[in-house]
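When the chains are written out, they are named A, B and C in that same order, and each has its own residue count from 1.
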Amino acid sequence: MNDVLRDLFPLAWSGMITGCLYALGAMGLVMIFKSSRVVNFSHGNVAGFAAFLIYGFSSGVLLDLSWGAAVLLTIVAVVAIACLTYAVIAPLVFDSDLTATIATLGIGLIAQGATLLIFGADIVSLDLPIPRFSTSVLGLRITGYDLTVLGVAIVTIGALFFVIDYTKLGIAFRAISENSFAAEVCGLNLRSIHLFSWVVAAVLGVVGALLIVPTTFLSVTTVAAFMLQAFAAAVIGGFASLPGSLIGGILIGVLMNLFTFYVSPQFSSTFLLCIILLALNIFPNGILARVGGSRV
Amino acid sequence: MMDVATKSLTGQGIALSFGGIEVLKGLDVEFRAGEITGLIGPNGAGKTSLFNCLTGAYHPQKGAISYAGHSLEGLPPAARAQKGIVRSFQHVALSPDLTVLENVMIGVARNYHSGWLHAFLPTVRGRHEKAEMRADAERALAELGLAKAADKMPSELPPGMLRLVEIARAIVGRPAVLMLDEPAAGLNNSETRDLMRSLSALASPDLVMVVVEHDMDLVMSICDRIYVLNFGAFVACGTPAEVRSNEEVVRIYLGSDDD
Amino acid sequence: MSDHPVTIKAVHPPLPERLRELVASDLGSYVLAVVLIVLPLLVSGSWMFAIGVCFANAIGVLAVSFLVRYGGEVSIGHAFFAAVGAYSVAILDTRFGLSLLVSVPLALVLGVVTGVAFAWPSRKLSGIYLAVSTMALALAVPELINNTDALTGGYEGLYVSKPLIPGLPMSFQRYYVALAVLIAVVFALARFRHSRQGLTILLSKAHPAAADAFGTRQVWARCAVLGISGGIAALCGAMLAFAGSTVSPSGFTLWSSIFLLVGSVVSFYGLTLARALIGGAFLTLVPQFLSASGAWIPVFYGLALLGMILLGHYLPRLKEMMARHGGTA
């Protein structure tokens, strides 16, 4: 009994930490889906490209900037990519959401190829200026990394909710995600709101990608693989709920940790598949959906 | 030989509510074989809800629905279709990928049972079955005067003709119960007349026919019996002459047309 | 979700064009088939090998296009079903010494069974929700293969070498068997379009409620479409194993699934021999030409995918504009 508890707490804690990052990724997906009904399959690849850009800008491969400047420059680049992506996809969005979704696969392929072309297929290590310390609270080992992730996640998500709840742009975003036709009739510009969500999503993706890198290496597939968990988190949250995807992210983080520790580390993707199918069937509208409120 | 009178579609105490709002308030209804029964009432009276309960799209909270003495409780639309209970749709629901003839052929599909092998390989049985379905569909189209449209795509036909195609699809499989949801909506006068003639010709001793319709002329002239529905309850039931002379009906239904 | 049937606009050209297309493709298919049958007399061995793999990929493209045409759904997980077929052939070949005569039918059956087995839990999903769950399906493939290495050879894969007809040169067999299966699939799909099941499934795609009212349940239609599509994809995998001679987990990743979709989009979701070959050639020959620099492959595919989608979007509009111009001039 004691043994179980001794393992369970640290597993749940570290699962929650990575879960916060999945949530950041998932919220980007959900932002885009809420405003334009498009599932952005390029999210992971673009975020991975961004992580490589930071590496390239700060390590001397491309430029030799300070860490902060590299991040800033990368965010500018990613915002530009988001705008470009939306410019390509915008005409399709109003035609068929599925076609636009397929188009994002094309963007993802290009981002993947660009990463390979510029940085090659090798694994690189990207160090972040994160305070290195660890303390023990009630037998739980808490590191500087954990606190950094938690802090960044709370600030980012808090800022996002503030923007959505209190700014003009955020209110317009909510109006459009409720009923885009009515919102358009009321004079809101759909395209600028779409663009807003694409840009915010891209930035969220960069933050998530950047923070996940210290737990592993940086390779072409690292961030794309991380984004798959983000997809699962978004699905659990119903794909259209920001609080839902936050809960979904943490749930996925904890469940994956428990699964790899207690069951098998080799079948984690299969486990993810089962979670996604189960979630879509039991809670087709997400775990936060009101009972009986199904869309038919 | 089964007694004709038992081959009717009956509902007893059908009650349906959505989130506390009573849409149907315990309706008793009998649609007899050999008759054309009309179902009329103002908008929102519950006609479509009753219709959907009979076809299996909705499952009423209370009451029993049976055909020829067999309960239909819990059966989904597809299973009712297998029993020969067939409907047409108010909004044309044809496949845009199929020709008119092919769309009508779907109406007889439930009467054929060749396996998957025959679907993929040019077997004799498969070819034979397709030819029979095709012949059935051509006959049904001809009955409604649509023979020339057989090889057209639905997108090439005007709405009125599409509605007739929809009806052709419903009648082609020789249904036991034929339920038509506003068959004349969108038809012009001459098309409506043609439709009335075809529907009257279709009536047979074994066929239960139910028509939900706004066009009073059509209902009054082809129906043998008419149910009048208002606020989820029947106001009147009887022959066209009886219904026409019913004061309540005139007040709530026909009167409201003048407003 | 049933209120929003997913439509992909480029799929329905107007009738005269369709008729012309039909005539051209029927005649074209026969001519093309004859050309492909005599082709090995004209090309070198390495080309023959590449074209054989191209046939296999063309079958995979058909599987994805079939799902789009008959189900209105998009899959980015078809590598799963292809892997089922490929490993049926490879395992029976290397572990049990059985030839294609046994393994191809088994692959087909397993493909159909897994297709239906996936369709059932996802029966209520459509559009992007289904696409996301197919993605999860594709992701599970490599680790499933890698972790059952006693059977599948794990990371290193298996080598398929058993001929169908002993004595005949293997290079010819790899080519002709793949071609025969491709032609058989195209032929069967052309029959299916006019079959009772084909008609009802097409109605179910456009108007599920109407199909339901005529005896075709939506769940049945979904299971049928995914079963058939999964079966075709398994045949693709079986032919990839036989014509390509090796199978390994790297051939059945999420990217392979996405490439199949790219091939399907590039062929405008066509189910004819020529269209399937366009898709298959795209998947086989592009890597061949770009083999010097592998990193260009995803870039090229991405651009091609975007290009074709935008073409499908703008072409009808351009035509309309030109027609209006021509009309007023």
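Methods note: a contact is a pair of C-beta atoms (placed from the backbone, for glycine too) under 8 Å apart; a residue touches a chain by one contact, two chains touch by 3 or more.
Computed from a prediction, not measured in an experiment: that's the story for all the values here.
Asker: Taking each chain's centre as the mean of its CA atoms, which one is most distant from chain B?
Answerer: A
Asker: Can you check which chain pair, B-C or A-C, has more C-beta pairs in contact?
Answerer: Between the two chain pairs, A-C has more contacting C-beta pairs.
Asker: If you average the Cα atoms of chain A and of chain B to get two centres, how far apart are those centres in Å?
Answerer: The separation of the two C-alpha centroids amounts to 51 Å.
Asker: With chain centres defined as C-alpha means, what is the inter-centre distance between chain B and chain C in Å?
Answerer: So the centre of chain B lies 40 Å away from the centre of chain C.
Asker: Determine the centre-to-centre distance between chain A and chain C, using the mean Cα coordinates as centres, and give it in whole Å.
Answerer: 31
Asker: For chain C, which residues count as touching chain A in their complex?
Answerer: 1-3, 6-9, 74, 76, 121-122, 124-125, 127-129, 131-133, 135-137, 139-140, 142-144, 146-147, 258, 261-262, 265, 293-306, 309-310, 312-314
Asker: Within their complex, state which residues of chain B touch chain C.
Answerer: Going by the criterion above, the answer is residues 55, 57, 76-78, 81-82, 86-87, 89, 93-98, 102-103, 105-107, 109-110, 112, 114, 116, 118-122, 126, 129-130, 133, 152-153, 155-156, 169, 173.
Asker: Using the touch definition from the top, list the residues of chain A that touch chain C in their complex.
Answerer: Those residues of chain A that touch chain C are 33, 37-39, 41, 88, 91-92, 95-99, 101-103, 105-114, 116-117, 120-121, 228, 231-232, 235, 239, 266-270, 272-273, 276-277, 280-281, 284, 295-296.
Asker: Over in the complex, which chain C residues touch chain B? Could you list them?
Answerer: 12, 14-15, 18, 69, 188-189, 191-192, 194-200, 202-203, 205-207, 209-217, 220
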